[in-house]
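Letters A, B, C, D, E and F mark the chains as written, and numbering starts fresh at 1 in each.
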Amino acid sequence: MNSEKNGKEKKMSEKVKTLLEALPYIKKFAGSTFVIKYGGAAMEEVSLKTEFAKDVSLLKFVGINPIIVHGGGPMIGRLLKDLKIPTRFVNGLRVTDEKTLEVVEMVLSGLVNKEIVKNINDMGGRAIGLSGKDGKLLIAKQVKDTKVGLVGDIIGVNTDIIREISRHGYIPVIAPIADGVNGKSYNINADTAAGSIAQALSAEKFILLTDVKGVMDSNGKLFSTLKKSEIKKLIQKKIITGGMIPKVGCCVDALKGGVRETHIVDGRVPHAILLEIFTDRGVGTEITGDK
Amino acid sequence: MNSEKNGKEKKMSEKVKTLLEALPYIKKFAGSTFVIKYGGAAMEEVSLKTEFAKDVSLLKFVGINPIIVHGGGPMIGRLLKDLKIPTRFVNGLRVTDEKTLEVVEMVLSGLVNKEIVKNINDMGGRAIGLSGKDGKLLIAKQVKDTKVGLVGDIIGVNTDIIREISRHGYIPVIAPIADGVNGKSYNINADTAAGSIAQALSAEKFILLTDVKGVMDSNGKLFSTLKKSEIKKLIQKKIITGGMIPKVGCCVDALKGGVRETHIVDGRVPHAILLEIFTDRGVGTEITGDK
Amino acid sequence: MNSEKNGKEKKMSEKVKTLLEALPYIKKFAGSTFVIKYGGAAMEEVSLKTEFAKDVSLLKFVGINPIIVHGGGPMIGRLLKDLKIPTRFVNGLRVTDEKTLEVVEMVLSGLVNKEIVKNINDMGGRAIGLSGKDGKLLIAKQVKDTKVGLVGDIIGVNTDIIREISRHGYIPVIAPIADGVNGKSYNINADTAAGSIAQALSAEKFILLTDVKGVMDSNGKLFSTLKKSEIKKLIQKKIITGGMIPKVGCCVDALKGGVRETHIVDGRVPHAILLEIFTDRGVGTEITGDK
Amino acid sequence: MNSEKNGKEKKMSEKVKTLLEALPYIKKFAGSTFVIKYGGAAMEEVSLKTEFAKDVSLLKFVGINPIIVHGGGPMIGRLLKDLKIPTRFVNGLRVTDEKTLEVVEMVLSGLVNKEIVKNINDMGGRAIGLSGKDGKLLIAKQVKDTKVGLVGDIIGVNTDIIREISRHGYIPVIAPIADGVNGKSYNINADTAAGSIAQALSAEKFILLTDVKGVMDSNGKLFSTLKKSEIKKLIQKKIITGGMIPKVGCCVDALKGGVRETHIVDGRVPHAILLEIFTDRGVGTEITGDK
Amino acid sequence: MNSEKNGKEKKMSEKVKTLLEALPYIKKFAGSTFVIKYGGAAMEEVSLKTEFAKDVSLLKFVGINPIIVHGGGPMIGRLLKDLKIPTRFVNGLRVTDEKTLEVVEMVLSGLVNKEIVKNINDMGGRAIGLSGKDGKLLIAKQVKDTKVGLVGDIIGVNTDIIREISRHGYIPVIAPIADGVNGKSYNINADTAAGSIAQALSAEKFILLTDVKGVMDSNGKLFSTLKKSEIKKLIQKKIITGGMIPKVGCCVDALKGGVRETHIVDGRVPHAILLEIFTDRGVGTEITGDK
Amino acid sequence: MNSEKNGKEKKMSEKVKTLLEALPYIKKFAGSTFVIKYGGAAMEEVSLKTEFAKDVSLLKFVGINPIIVHGGGPMIGRLLKDLKIPTRFVNGLRVTDEKTLEVVEMVLSGLVNKEIVKNINDMGGRAIGLSGKDGKLLIAKQVKDTKVGLVGDIIGVNTDIIREISRHGYIPVIAPIADGVNGKSYNINADTAAGSIAQALSAEKFILLTDVKGVMDSNGKLFSTLKKSEIKKLIQKKIITGGMIPKVGCCVDALKGGVRETHIVDGRVPHAILLEIFTDRGVGTEITGDK
C-alpha cells in the first residue's frame, strides 16, 4: 500500500515537472499568433479530432492566439457523390462550377466549420466559425487557369475581424471560401488560404497539419529543420516532389511575407501541435528564414 | 427643355424632402437594436433578397443595430429531396434525426447564412454570419415532444458575441442552430430563436418578416396595431388562427421579456422594413405592451 | 378609393427608393468631416434657416461630421445702425475699431451663433456654438492692410476642441472671431475662417454656401466642376471676377492645404447641401485637385 | 549688500512656505468640482477681472475643476439704454420681451462670456464659453409670474457637455440663457442657474461671488459659517433680508440637491476665491449642511 | 534502438497528456486571484525557493494572478544576533522596539522581498516587491497587547496598487510591514497580513504554505478537506492545537471575509502549490465555507 | 487691533500672490517628468527630510511627475561597522563583495527607500518604493574595473513600470540596486542610476541634490547656468575638480541622452527643489544643451 502511495506521489511529481517544462515555451509564445492549417487524418478520426480541439483550447488558455483554417476535401467528395454531381481535378484543384461551389460551401461553412467549432467549445475553448465571406474576410480573384472554374487566389485579408474575435478570447475557425471582387464566390485551397492569413497577420507560426511525417530526404529520413534557401535545391534535386511541393511553397511564401516560423507537422500523431510547440523535439519539419 | 429641367429639379427636391422626413425616425432609433426574423418570400425572390440587403445596410448606416435571424425551410426541403432523405412534420416542427440535422446545418449555416452575408456585403453593409454554435451563442435543450427528435428550446443566449460584433460595425446574421448542454446540436424554429435573441438583447424592436399582410380581423382587414392583452381574446375568438398563433406568441413572449415593440410585417412588400420603420403608416401589424 | 390607396403606396415606395439611393453616398462619406461656410440668404430667410438646420442634423445622423462656420454681415450692419456707429468697407473688409468689434462679437457670438445652435437643436441635432476665442480655437494676427483695423489673418487653429466636440456627437458652430497673439481680438472673414478650419482638419469637403449659382462661364452657364489649375486661367480671362475671386481663392487654398473637395453652392436653393452631397447632380460648382 | 541678499533669500523662503501651506488644501480638493457664480464688482473692475482669471486658472492647474456661471446685468442695462429700449424690473427680475432677450443674449453670450474666456486664456488657463442653448445645456420653462416675460426656471441641465469639456482640461464658462421646451429661449437669474448647475454636477463647492461681505448679524458682524437649519430662523428674525434672501436660498437649495459646501464670498476682495479655498480664514460666509 | 525511440515517444505523449489534464483547472482559475503566504522551508531551502519561483511564474502565465505575502523570521533572527540585539517573543509575537523594527524592515523589505522578486524574475515571471508602506498598501494600528511593542493589526488594505500591478502582468510580492495611522510603522504577522490582503481582494484562493502536512486528526491522518464550521469543534476537542490554531483562524477569517477557498499546504513538498491547484489530490488541507 | 487685522489681511494677500506667481511655472511644467537624485544632507537632517517630502508631494499635486532616485552611503557605512564588516573604496566606488552587497541592499531597499516613501506618504503624496530588481527595472553589467566587485554599469531601464506607477498618481522612489544579466545583483552609483533613468524617460529635468552650492568658478562664485560645451573646458582648466567631475559628467550624459535641463542643486538649502523650479533665481547650477 505504501509503495502504491509512493507510486502515486511520484506520478504527481512527474506531472508537475511536465507543467514546468512547458513554462519557457509558454513564456516565449505568450501573445503570439499561430495560424494552423487543419486537415487530413486529424480532421477525420474521432479521437484525433477531440485531441486537436483540446490542443487549441490549451494554446488559447496559455496566452497563444490560435487561428484555425480548415479544409474538408473528403466530406465534399462524399456529398457530391450522394448528390450524383460529377467532379474532377485539374492539377490538384477541383474543377468548381456553381453547383459544385454550393456543395463545397455547404460542407465547409455549414458542416465541417461548425463541427470544429463545437468540438473546441466542448473541450473548454471558445470558438467562432467564419467563412471568408463573413465581413469580406477573404477577397479572391479567379485563378489564371480558368479551366478549374470558381477557384480563387487570395488578394486581400480583412485581419480586423480575426484580430477582434481573437482579442475577445475566441478562437477563429475559418472555412476557405472567398468573396470575389466581381460578386462571385471562390473555392480556395486551404493550405494557401491559411498561408495568406498567416502572412496578413504576421503570425509567429504557420503550422500545416498533414498526413505525412514531414519533409524527407532520399533515404526517407525526416528533416527536422530546413532553411528557406534549401527548399529550392531540394525541389531541383527531386527530393521534394509531388504534393509536398505546394506545401513547402506555402511555407516559403509565408516566410517571405513576414511569418517567423513555419512547420509541416504530422497530423496523424496525437497532439502533434503541442509536441511541436512545447517540447524540444518536434514531430515534423520546421522551415525557417535563412538567418 | 425648361419644363424637363424643372421636372428634374422638382424630383430632386422631392428626394431631399424624403431624406428629411426620415430624420425624426433616424433620431428616434439611433443606437437601437432591431432583431429581424428574415424568411419567406423575402428570402426567396431575387429582387426582394437584394432589397432586404439594402434595407439592413441602410439601417446600420443610420445608426441602428440590425440583428438578422433567418430560417431556410424550402432550401432544406430541396436538399433533403435531392439526397432522398424522407422528412415529415409534427405540429409544424420538422422531425429531425442526426442525418436530417446535418442537412439542416449545411443548408442554414453553409448556404443560406453565407448568401445573406454576401448580399449585405455587396450592398455596402458589413455582415458576419454565425450559427448558434459559434461561441455557444445559442444553448438549447430538447423540446418536450421527443417525437420530433433534435428540435430544441432555447435556454441561453450569449449576447456578448452579438454585441461585440455589432459594436464593431458589423451586422450579425444568425442561423438558428443551437448547441446542446449534453453535447448535441439542435434545430430551432427561426421565429422562436429570433424572439429569444430579441429578449436577451432587450431589443427596441422585434420584426417578424412573414408572407401574410399581418394580423387580420374577421373581415380580412389588417390590424395596424394591437395590444398584448388583445391577442389572447383574438385567439379565443378564433380570429387569430393556425400558423399566426405561434407568430403572435413569439411577439407576446418578446414583449414580456423586455422588447419594446414587435411587428409582424409583410415580407412580400418590397422594403417592408423601411416602410414600417421610417414612415408613419407601416405595412403590417404592430403588437405592443398594454400601457 | 383603391386608386387613392395605390397612389399612397406608390408614394411610399418612392420614398423608400430615395432613402436607398442615398445609401452609397452615406457609405462613402461615413466618418468624413465637412466644413460648411454658412451665410447669405440661407442664414436670412426663415424657411431656409430651418431647412439648413435639418440638413446638417441629417448629415450628423448618417455619420458625417459637419462643422459650421458662419458669417453675419447684415445683422452686424443693422445693430451698428441702431447704435448709430458709422461703418465703412475697404476692399470688401469692414473697417473695425474697438467699438465696432464689440458689436461684431455681440452679433456673431451672441446672437447669430446661438440662433443657429438653437435651430439645429430644435431639428434634432445637437449643436455647440463656439467663437474662435473659446479654447483659443482661432489664433490670428492683424492683416497687412492696417487701415481696416482689427481684422485678422488666421495663423493657428486648435483642432483638438473641434474634434473632441464632434467626436461626442455634437455639431460645432463657429463664429469667426479670433484671439490675437498680442492680447487683442480680431474680426475674421467667414469664408477665410471656414477654409482655414477645413485645412486644419484635413476635411473631406469644404462647402461654401453663397447667394450665387456657382462659378459661371462667359455665357452665364454654370461650371459643374472645375480643376484647381483652371481657376487661375479663368481669373486671367476675367471670367471669374469680383466677389467670386476670393471665394474660389478660399477653395484653392483649401485644396492646397489638404482638403479633398470644395464646393461653391447656391444657398438660395432649399437643401442645397443635401442635393450636392446625396445626388449625382449637385447645385453648384465643385472645385477639385488636378488629378 | 549682504543684508539685501539675506532679505531676498528670506523672501524666497517665505514664498516656498506659502506654496507648501497650500498643499493640504490642494490635496483635499484634487479632482473636485467647484461651481462659481461670477458677477458684481469682480466682473467690472479691470484688476479684479484679471485676478479672477488668474485664480480660476490656478484652481484648474492644481487639479480642481472650476465651472464659471456669470451674470452681466450692468452691461445689459447699458446696451438697452444705447438702443433706447425701455426696461423695468418686477420682484428683482427684468421684464424680458423678445427684443430685450435679444439684447440680453448679445451681451451675455457674445460679449461678457467671451471676455471672461479671453481673460482666462490670457492668464494661462484654457476656457470655453457656452450659453445654456449650446447642446441644450440648460432647459427652462417660463417662471410662474408671466408678467416678467421670457424669464425661466431651470428644469434640466445637460451635465454631459460640462463634464466632457472639464475632463479635457478646459474651464467651462456658462452664460445663463436657457433653451425652452416650447422652442423659446429664456433669461435665467445667474445665481439660480449657477446653483442648479452645482446641484446637477453634485459639486463639492458652490461659490457665490457677491458685492457684500457675506451674511451679517444684527450688529453687522460677519457669520463665518452657518448651518442650513439656521438660515430659516435668521430670515424669520429679519436678520437676513432683501437681496440676501434669494442668495442664501440658492445655497440652501444647492445643499439640499447634493452640493457639499456653499460660500457667499466678497468679490470685491482681490483673490477672494483663493483666500476662501486655500487659507483657514476665508473671506465670506460658508453655509453647510446640518451634520 | 527502436524500443528506445518508442520509449521517448511514449514519454513525449505522457507529457502532452499532463499538459492537457491541467486544462480544466487552467480554465477554471483563469483570471482568479490567489493570495499565497510564503514562508518556512519553502523560503529557506535553495531548491524549494527555485521551485516556488517557477510555480508562481507558471500560475501567472496560465492566467492566474498570484499575490505573494512573505515572512522572514529566521533571517531576522540571524541579523538581530549578528547585531547583538536581544529579542524575545510574547504569545508567538516578537517584541518589537524601534531598533528591532529597523532590523525587521531591513531584512523583510530589503533582503527577503527582493530575493523572492529576483528568483521569480529569473524564472521568467515578472515580480515587483512592495512593503505595506508603499502607497500605504497596509495600514495598521497597535495590537491590544502593548507589551509586544510595534506589532500591528491591519485596519486597511489599499487594493488599488495590488490590482494595478497585477493587471499589468506583474506578480506583487509583499513584505508584511504596515504604515501606522499615527505616523509609526508596524511589524505584522505574515499569516494575518496575507489573510487580510486575500479578504480585501475577495481572492478566489488563500494558500498558507507551512512546514506541516496540514490539519491532522488524532491519529495523525491528514484531513483533505474541512468545513468552516468543523474547525471550532476540532479546536474544542483539542485536535487542532498550538501553532495550527492561528493558522486555521486566518483561513476562517478569510472565508468570512469573502475568500472562496483556503488551503493549508505543506511547503516542504516540492511544487506543493501546483499539486494543490492542478491535480485532484492536493497536498494539504482545504478549508471551505459551509455550503 | 485694527492694525493687527490689517496685518493679517496683508499677509493673506501676500500668500495669494505667491501662489499666483507659481502659476506660470506650474503651467510650464504640467505633465513633465523630473528625475531627482536625492542624497546628502537633505536625506540626513530630520527637518530637511520632511521638507523634501513636502516638496515632491507638491510637485506631484501641481501636475509634475517626480521620480526619486536615492543613495544611502552613510547609513550603509554604519551598518557595515555595526556588523564589523570591513569596507574600502577604489576610485570613489565601494568595493562590494556578496556580504557587503547584502548590507547595501538591506539599507537601501529596506530602510532608506521605505523611510523616504513613508515621509512622502505622511506629507500627503503617495509614494511607492522600488529597487532596480523590481520588474527588472534596472539591468546592469559589472563595471570594467573588476577590483571593485559587484558594482555595475546600467545597460537597461524598464521605463514601463516607472511610467505606469507615475501615471497612477504615485511617486516612484528607486533604490540603485540593479539586476545583472548573469543572475547577479549589482550596487550602482546613485548619481549614475538617476542620470540613466532620466535619459530612459527623456525627462524634462534631471536634478542632482548635493551638499555643495553648485559649480563654482576659481573665485568661489557660483555659476548660475552653464552650457554643455563649457563643462569640458572648465575641467581642463581644473576649475571643475574632484567629486564634482562625475556629477557634471552625469548631467552632460543626461543632456546627450535627451534630458532637456539638468541642475546641480544645494540640498542643504531648505526647499532647494521648489526654489529652483518655481522661482526665477534658483539655488544651484543649471547645465543645459548648447543651443
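As a convention for this text, contacts are C-beta pairs under 8 Å (C-beta built on N, C-alpha and C of every residue); 3 or more make two chains touch, one makes a residue touch a chain.
Model, not experiment: these values are computed from the prediction.
Trainee: Which chains, if any, touch subunit B and subunit E both?
Mentor: Under the touch definition, subunit B and subunit E have A as mutual neighbours.
Trainee: Please report the minimal path length, in steps, between subunit A and subunit C on the chain touch graph.
Mentor: The distance in steps between these two chains is 2.
Trainee: Measure off the straight-line distance from the CA centroid of subunit B to the CA centroid of subunit D, and report it in whole Å.
Mentor: Each chain's C-alpha centroid was found; their separation is 55 Å.
Trainee: Rounded to a whole Å, what is the gap between the Cα centroids of subunit A and subunit E?
Mentor: 43
Trainee: What's the distance between the Cα centroids of subunit B and subunit F, rounded to whole Å?
Mentor: Using C-alpha averages as centres, the distance is 68 Å.
Trainee: Identify all positions of subunit A at which a residue touches two or more other chains, and write them in rising order.
Mentor: Within subunit A, no residue touches at least two other chains.
Trainee: In graph terms, with chains as vertices and touches as edges, which category applies: line, ring, star, complete, or other?
Mentor: ring
Trainee: Can you list the ring's chains in order, from subunit E toward subunit F?
Mentor: Traced from subunit E through subunit F, the chains around the ring are E, F, D, C, B, A.
Trainee: Considering only the defined contacts, which subunit C positions touch subunit B in the complex?
Mentor: My answer: residues 8, 12-24, 26-27, 30, 51, 54-55, 57-58, 61-63, 123-124, 270-271, 274-275, 278-279, 281.
Trainee: Which part of subunit F faces subunit E closely enough to touch in the complex?
Mentor: Against subunit E, the touching part of subunit F is residues 79, 82-83, 102, 105-111, 113-114, 117-118, 121-122, 126-131, 133-136, 160-161, 164, 168, 170, 177, 179, 183, 185.
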